[in-house]
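What follows is chain A paired twice: with chain B in the first complex and chain C in the second.
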Partner chain A sequence: MSLLTMAYRNIFRNKRRSLLSGIAILIATMSILLLFGLIDGMKDDMKKNLIDFYLGNIRIRNAQYTAYEHLNPLMLGVPLSSSMNALAGIEGIDTIAPRIKLPAGLIRDTETGLLIQAVDFEVEKKFQHIDVYLKEGRLPESPDAREIVLTKWLLNKLNVNLNDKITLLIQTKTGGTNAMTFRICGVLEYPVAMLNSSSAYIPLRVGQYFARMDDLVTEILIKTKPAVDEKLMAQTIKMLPELQRDYEIKTWKEINEIYSFFEMAQGIYIVIAIVFFILASTVIINTTLMVVFERMKEIGTLGALGMEGGEITKLFFLEALIIACVAAFLGAIAGNIVGIPLAIYGIDFSGAMQGISMEVSGVVRLKLSLVNTVLVFCYSIIVSACAVLIPSRQAAHIKPIQALRST
Partner chain B sequence: MLNKITKCVVSSVAVIFVAVLVQAQSAEDIIRRYEQNQNIKTMSASGKIVIYNQFGIQEKAFKIWSRGTDDSLIVFTSKDESGQKILRSKKAVYLYYPDAEEIIRLQGAALRNSLAGSDLSYEDMTGGKSILDQYVIESISEEVIDTTACWVIKIKAKVNDIPYPIQKLWIDKKTYALKKSEAYSLAEKLLKTVYVKDYTSIGGFVIPSHIVVQDNLKKQTKTELILETIRINEALDPNLFSLQNLSM
Partner chain C sequence: MITIDALVKTYREGESEVHALRGVSLEIKPGEFTAIAGPSGSGKTTLLNIIGLLDDADSGKILIDGRDIQTFSGKERARFRREKLGFVFQTFNLIPVLTAYENVALALNLLQISAKEIESRTIAILHEVGLKGAENRLPSKLSGGQQQRVAIARALVKRPLLVLADEPTANLDSVTGEEIMKLMLELNKKHGTTFIFSTHDPMVMLYATRLIKLHDGLIVSDERR
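Let's turn to the complex of A and B:
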């Protein structure tokens, strides 16, 4: 009879104990798979939000703008016409979205602050799919319409309604002030809490006139076509004579530190997963140790019959390994079964995300992948196997005489 | 002996007290003379604000009309601010912008905002009340600034709702015009410095015509306020300082 057959049969000698060990591995595998799915889902969501709403794949700004951003330095802008002409010749660009960020005050009984962005709505339909997030009303009718779209959250905060008129006070490029009256023509609702608390859009041309920007914009966002290397493209843009000096050209990853933190955190999560598996493996270690002590006479008999110490180790190791393999497999399947509805419908964190400055959507969808499933399955088996090696080796050190004498 | 010493001390204290009293009175007189110099019935002028900051130099042209110490109207004439108006009445500051359908009444914290991006705030425009109604004199001394002999009078607010709780005024001994002023917070932190570079003498009044203002809470900024073509005590349209006129 082969060792494998013997080990397999031994599993069923105490079904409850084997089941307990299996369940521990199964739960660990399933949980880690779901955790990895959640982190991947968050990362994907954050990447999409950062590119679509905030930074594009590449952002062009005046080199000094970021340093003085707190002072709203509109004079440190990017010339729109010459930049657009220069960018037109570059292959691989999908959309170019020029924007002007304007901190504004709504003067009513008290001054309420909000950040308005002057954008080209036709471009934004393609860039951030702004029309998809329009819940009521419409987008401004023309590039010269003095109309504004606000988020529902801002509408409530400012205590105004659709079609109301609001007068906003801003600082102009030359440091002076200007006020303009806008009709609220549309209401937006974004999936990201941070966007909902700050998004208000006016037409780009109106914004340029309002802030006396002439041909300047505060930033130009570029969305690349799929499979285009954004780093390489950023380098190409930096070589353009029109944008060679005085401009900051960065990819979204270079700008956003939180995403980089996510990537770093992923490494930490792998360590956490290993610790989690080791904890789960204590159950199987415990079970194997109990089996070794329980079958002391049997080990003695096997030794007396001529079975080598290594073979005895293998026997117990195989027994635990079979349990770990089956449990990890079932855990991976269970993880995917639980994960599929969470990947479709997502987990609602919107309550917890309110007031948090993070570009993650309120509803986060899990991202399940075959790579993660195989990786977690293998982790589970490797960690369990390593853990079970210790008690299995103990069985090999037992002398047949001592084993046979034991009660 | 003891009686003599007591008498001596009492008489010395009395002399010092009388001297301080005399000086305090003269400080009040100086303030009154200084305010008298500002007591112009009407004034109109054109001028410019030159703002220096880390981003360069900005120039904004304007016309100004004032009536007494309470009412004034500023109309900007430079390209970027063309048509913008600031009306100050006894009660409030109002802003008119050609692209806004409503007149903005500034109050509370909004008054602390910068006027046209300069080192001046709207708050600096408010309050036509006499200095002596709002402040008490803390001390008086003398100093020469740029060959101009000045009284240096330190005043402390006796009311709460005031932009600058403590001020130091350098008043020209000859003309009783302001040469320099420093505004401080209650904790005596320097908030703003005003320095008068040039004056225009007209109709017996000495009017500061080139003023340098520095907001000491900001870095690398200063504002020059230059008044040209000053005319005083001419008849002005009584509706000039009305809200109705603001949006016309």
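Let's turn to the complex of A and C:
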């Protein structure tokens, strides 16, 4: 007759109360698992968006560009051919996307400004999967086609339609003005609100010619192959003689602070989880206290039989621990089951994300992971075990004589 | 075997004092079947609790098997109870989630005894107390008399030096109570186990081979029969 069997049977003496304790822990475990899944999903989504649409794994810019970014200094560019040649020797690069950021004005009865980007569409298909986000029309036919793709949102804002022609006015690298007419050949729709309000693309060569950039681009984005250390690669690129001076070479993490903040906040999530588990544990603490009080006579009997305080503590501790383990286990399973549809279909935050300039998609998919499941399961058990130790130890302090008298 | 000398116990509750024992001295020999009788409040339970190492006396000496139990630490007390003492309670006090068999075996589980021996001793004592066939029943499925038999088996299975029973028949009807007394006496004769039990029931006193009467915390008579 082991203590464990006794503890196990004791669980069923008051089923409703045991159930209640279990449910509190189950819900806490499930909720925290879903919360962690959501945070991880957001992080992954943000990372993907930052890399695909904004920064690449590594971004190369002219060292002066960032300081004058608000002026869109086209003369502070990066020479494309020599850079491409230099980068050709680097291992681990998946795709290189040169981009030119051009502020432009729409010539009509009134002038409306927009930021266009000159890109290599063939590259962008690989880099950001631009074809996936193409909702209507097509991408420019050739690298020299005077065609533009816009987001649906911009289409509405500019009050134009697919296949309309628009004339854009820009300032060239040398400071002169230039205008060019583009046909709207495609309409894009992104999952990220921020992208939708600002994305307009023209072919790279057209852009270079339009702005008299010669061989310059404003930035070169590099996407690394999976499992390549981007930091190390950035170091290597910095050593290239062609790019040694005058260029800013940074990884996406170095550039974007919000993501790093997310990562730094990891410790806070754990604290939140523990606080949550402690709250849930109050139910089981209370139950255990009641149980100790109710079974006073038994505590006295066991004491009279010569069972020591530690053993009696163990008896009550095990009872609560079994409940906590089962509940945490079921909570972990429940979290994964509830999480599956949320991982597949995502949670729609687009309403809430309106107007928030963060690189997070409107629909965030939960990221479920075994690591998180095991971690949350363990947290849940450790916290409830510690919590339950308090009332269990009470049982050891009761003298058999006092306990026996309470009949 | 048990030597008690000038035992005093006073309960204090705030201002008031209750003199539960006021200098009790007695000697109990191995194998005695002793009844402690007396009206309510005379100090029977208090005396049994002190002998059973559940409570402390304020002054006086008590030796069991030559050992001064008042010098024991908490751990030593638990160990002594575990190994040497058996308790039978007025309200039976079986563990409700354990079967008759498990309740008895529990007393042996606390000792360093092989599983095989635990089984054989448990079965044997349950048969002795007349519970053959009821081994796997939970206390709630046993009558009061049967529950007290389990409790007696639990007290005796460890082959204790001494069994302490505080009003073991008080919660039983007179017929069952008498059966329990017969059983205890039989076991006392068979195993030579020392019994000390308290009672106010004259019928129960008839079974005792020694009758000690307490009144207001003092022994007023002590007769061997």
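Heads up, the rule we're going with is that the second predicted complex is superposed on the first by the 405 of 407 C-alpha atoms of A that agree within 3 Å, B and C clash if a C-alpha of one lies under 4 Å from a C-alpha of the other, contacts with A are read in each partner's own complex, and residues count from 1 in each chain.
Note that a residue touches a chain if its C-beta (ideal position, glycine included) is under 8 Å from a C-beta of that chain, and two chains touch if they have at least 3 such contacts.
Here the structure is a predicted model, which is why all the values come from computation and not from measurement.
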{"item": "Which of chain B and chain C A:L169 touches, first, second, both or neither", "value": "first"}
{"item": "Touched partner set for A:G303, first chain B, second chain C, both or neither", "value": "second"}
{"item": "Contacts of A:I107 with chain B and chain C, given as first, second, both or neither", "value": "first"}
{"item": "Touching partner for A:T181 - first (chain B), second (chain C), both, neither", "value": "first"}
{"item": "Touched partner set for A:G362, first chain B, second chain C, both or neither", "value": "neither"}
{"item": "Which of chain B and chain C A:G22 touches, first, second, both or neither", "value": "neither"}
{"item": "Partner chain(s) touched by A:G77 [first = chain B, second = chain C, both, neither]", "value": "neither"}
{"item": "Residue numbers on chain A that touch chain B, as the complex places them", "value": "68, 73, 75-76, 105, 107, 110-111, 146, 165, 167, 169, 171-181, 210, 212"}
{"item": "Touch list for chain A against partner chain C, complex", "value": "1-2, 6, 9-10, 13, 297-298, 300-309, 399-401, 404, 407"}
{"item": "Touching residues (chain side chain C, partner chain A) in the complex", "value": "49, 52, 54-55, 74-75, 78-83, 85, 87, 89, 91, 93-98, 102, 105-107, 109-110, 154"}
{"item": "Chain A contact footprint on chain B (complex, rising order)", "value": "51, 53-56, 58, 60, 76, 80-81, 84, 95, 97, 99-102, 104-105, 108-110, 113-114, 116-118"}
